[in-house]
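After this come two complexes, each holding chain A, first together with chain B and then together with chain C.
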Partner chain A sequence: MSQGAVVATVRRVGAQTSVVDVDGSITAQSESELMNAFTLASSGTTRGVILNFSGLEYMNSTGIGLLVTLLVRANRQQQQMMAFGLNDHYRNIFELTRLNEAIHIYPDEASAVQASEAL
Partner chain B sequence: MHDHHEREETAPEGASTTDSSAAGAPAPTAPATQPVSRDAEYWAKGVTILHADQKPSDGINLNVTGRRVVSPIQGFGQMWEKTYQVRLAGASVTPEEVVAVWKEEFPSFWPSGNRFYRPLTGIRPGEVAVLNLSMAPMVRLSTGVMVLYADPESFTLMTPQGHVFAGWITFSARKDGDVTVAQAEVLMRANDPFYEVGLILGGHTRENRFWEYTLVSLAARFGVDGQVISEYQLIDKHRQWKNAKNAWHNAMIRSALYDVTRPVRWGAQKVRRSS
Partner chain C sequence: MEATSSLVQRFKQFARRGSGGSDHPRRTADERLPLPDAPPIDIAPDDPIIAYFQRASGAVDIDQISIDSPAIEHLRAAGVKLVVPLVSQGELIGMLNLGARLSEQEYSADDRRLLDSLASHAAPAVRVAQLVRQQQAEARERESIAQELRIAHLIQQTLLPKQLPDLPGWHISAYYQPARAVGGDFYDFIELPDGKIGLVVGDASSKGVPAALVMATTRTMLRASAQRLVEPGIVLERTNEVLCADIPRNMFVTCLYAVLDPTSGHIQYANAGHNLPYLRTASGVVEMRATGWPLGLMPGMTYEEKQIIVSPGDNVLLYSDGLVEAHDPQGDMFGSNRLTALMHDVASASTLIDRMLTHLTLFTGPDHEQEDDITLVALERSAAVWQHAPDTLGAGGEDADTMTPTSSRSPSGGDHRLLLEFSLPSVTGNERIAMERVAAAVGDLGIPSATVERIKTAVAETTMNAIEHGNDNREELPVSIRVVLSAGDLVICIVDQGGNEPIPEPTTPDLEAKLAGLQSPRGWGLFLIKSMVDEMRVAGDATHHAVELIFRLNENEGSGASVSG
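Entry: the complex of A and B
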């Protein structure tokens, strides 16, 4: 289904932490935007990449697949992926697909950043 | 056409970046009142342990009830993304119509010898289907799948513990210009070391043929002599040895044991009845 695009904005929030603000829809059309954002976020001294899903409006199963692919890239680079801003629905999807076993979910940005900086 | 390559890292192009560390303004978290997400009705809800009621007269329902679904994260083997596409050139059919037919007649497109016992309500989010797959002459695999996601243009089946692979398959259709393209996309890792060896020793080829056959059959359903384009990408070449213990649930071994011990169960049943 045509569900619009995603905008992924990267912020450096600590010595070894980047946040990717995800706004819009995560579908097959989001691949290059998300991959490029991840490449920016994971460069340099980054040890933790935090995905901010506060602006997530729509996600299909291909979108979940993209997140799995991002996770593989992070693992390959010995980096940790974290998330916050998930509403109940997307939190349930993470649990259903068991993505929450590999991407740690935090209640807010501050706690995610704190965990990342402690890596 | 087969394209087999490891996914390459791409340089950043479109992603924007800002540095807010100086500003020190964290992004807002999820709002307190949460509107219903537009995709909510398409996803399975609250399924942690699978349950399959089907009692096929010509097959077995084994290795499904009581199992959890597994994503590629929980799998063992190398992680692959495989895409199979067929262009329905000349068929006047929308992506929604293709997916509706695909859902409704799903098993009819499979190679013979393989059975898909779907739930009574059909392919809907959260429903569980039982599979009896012909792996080789006299070798039957009983397993299942859960409908993870289903919208008008796609549906996704996720595998349980013990299945050949951990992951999901998304079946979809889309417009490419004037032509509707049907696609099956697999994201998978072999579930355990036995399956990984099996996939290397011909299992991948067998699976590729399975889905290519399926897409050709689907195209024929719409009167098209379809040519399947397949693409295989190795997403992660590493094996997850911590998950080697998944072999405990191996559905192939359990299906074989079930078949081998059938005379024993038959005898025990007869003794119980006579006493």
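Entry: the complex of A and C
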């Protein structure tokens, strides 16, 4: 995988929940991959889209902007975004930017899926 | 043929002498009856008379010789009656030719004994005289060649730059010493549009005059190409095409051609089989590698192009193989390892060449005869760009112009240690290279991992801003980064070339407005930087931004920030 690239894999994990496994970096170069993955994940009966950041290597300010863009789309579609797998540094950045108020962070996938299915 | 020719000449001389020629008029008492000048007699090298005289035991009557010889006919026609061969060490070196006696009597036995005795004494003396004359002629020829070489040397000197480029912020020095009167090495500085400078170092195969002629041709062709073309690889490609048509077989030219933008420190270069130049930065010495065949070997060649940024304080050395392939008395080569080690040790280009030559002399020994031409061209970019940095890095202070990779005192009096200094082209993605290099440079300081992560994000974001906003994504403009440990603070200064646009004050983004679509989802960079550092300073002038990221390593882990301009 080249520097700056991301692979976003979508898994359907519940009746109204999809997980996007983020593997790589979230930068300007990953925009189309992330947007396509979100489109796939948020289709149909989806009410919750969970971002799995366990494979996140690097995210910059442009990447934060991309997450905001996803949030705008999710809000428009009345869907909830959630996340798990963030390391301490990026969890800190989520708090500094208050992204954690819009994207609820869970300790693991199971708890995130449970919350999404309860929406 | 040379011996034959000189033999004929010698016979000409002795034919004249023997007949009382004009250069040696007969000095007998009979000056009242001067003998007429006898014409010179040419004796062909294959004339059987030569062998005949060589074997003769004494004076020979011409009329008694019955062999078929054109020379004999000439001698008879000249009135020669008696020939006394002069033989030295078995070689016929001359003849005493005598006409009829004035008394018209035959030569007596006493006359012949006298003449034989005279010949036996005269032959070695004549031989010595011939050798002296031959040596004098050869000495004159050598002096003539030496004079021509002196003129060739002067002509070649006119083909080398008469003065070094005077570039603000740069120090350039050069050294050129051919192994013979003239050499095949050359170097050149070519003025190009937009204030750029073409740098050339080349080496024609062979030595001496042939190499010098090829060198002169190549220089002219390369200059012509460089004035019309921009890309160094294309310039070499074109020069190769033209040179291939004219260069003698089995000769070729290695050549490094680089284009320097003195403003940005950007160097674009291509290499036609020449020794790889070296770039010395604060973090080490690296080869400037680019591939390509020597010029003149084969048409249709292409040349790889590479580029580097020369940061303030960096050196570049271009050189020829006469330096690295010099041998010591034991036969060991000077080698590139020795060269790079010297570059490690020498901070200034102004002393780099002197240092190289001093070590070369020590290596080869005092009695060394220079084996090959030696050419050195050294560039150094001064540290002036850091003058734009805020106070922590010594702007306006005593260290501003002389920052070197050694410990010094900061204006505030604390320890001041340069950890890393480098530049990168303005290419998206290079911010991650900057981030990783800075992280590696602070890796031994025992900094908590959380702080290292903050450092990495702040460096990446600041570098990205410098690339995108400061340098407008123009690859040729460098982003220069310097990492200093100063009195317990880690200070990272990042400089771009976009000083005409002020850096806005960092503010806290309004997430609600972004989510409502009222603001762009982007615009997190400065806020992120400010959030990562303990202090952020911004300075600059008309052409530079300098952003200083300060991490207080002795304070508790945290991310409190303040901003000052």
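By our rule, the second predicted complex is superposed on the first by the 116 of 119 C-alpha atoms of A that agree within 3 Å, B and C clash if a C-alpha of one lies under 4 Å from a C-alpha of the other, contacts with A are read in each partner's own complex, and residues count from 1 in each chain.
The definition used in the following text is that a contact is a pair of C-beta atoms (placed from the backbone, for glycine too) under 8 Å apart; a residue touches a chain by one contact, two chains touch by 3 or more.
Note that this is a predicted model, so its numbers are computed, not measured.
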item	value
Chain A as common anchor, with chain B and chain C clashing or fitting	clash
First, second, both or neither for A:G65, with chain B first and chain C second	both
Partner chain(s) touched by A:I93 [first = chain B, second = chain C, both, neither]	both
Comparison of chain B and chain C by chain A residues contacted	B
Which superposed partner A:N52 touches (first chain B, second chain C, both, neither)	first
Which of chain B and chain C A:E101 touches, first, second, both or neither	both
Touching partner for A:A8 - first (chain B), second (chain C), both, neither	first
Touching partner for A:E33 - first (chain B), second (chain C), both, neither	first
Selected from 40-48, 58-66 or 256-264: the stretch of chain B that, after superposition, runs into chain C	40-48
Doubly contacted chain A residues - partners chain C and chain B	3, 58, 60-62, 65, 68-69, 71-72, 75, 88-89, 92-93, 96-99, 101-102
Touching residues on chain A, where the partner in the complex is chain C	3-4, 28-29, 58, 60-62, 64-66, 68-69, 71-72, 75, 88-89, 92-93, 96-99, 101-102
Chain A-facing residues of chain C, complex	428-429, 431-432, 450, 453-454, 457, 460-461, 464, 509, 511, 514-515, 517, 520-525, 527-528, 531, 559
Contact footprint of chain B on chain A as seen in their complex	1, 3, 7-14, 19, 21, 32-33, 35-37, 39-40, 52-54, 57-62, 65, 68-69, 71-73, 75-76, 84-90, 92-93, 95-99, 101-102, 107-110, 113
Complex contacts: residues of chain B adjacent to chain A	7, 9-21, 26-31, 34, 36-40, 42-48, 68-74, 79, 81, 148-149, 151-154, 156, 158, 168, 170, 172, 185, 187, 235-236, 238
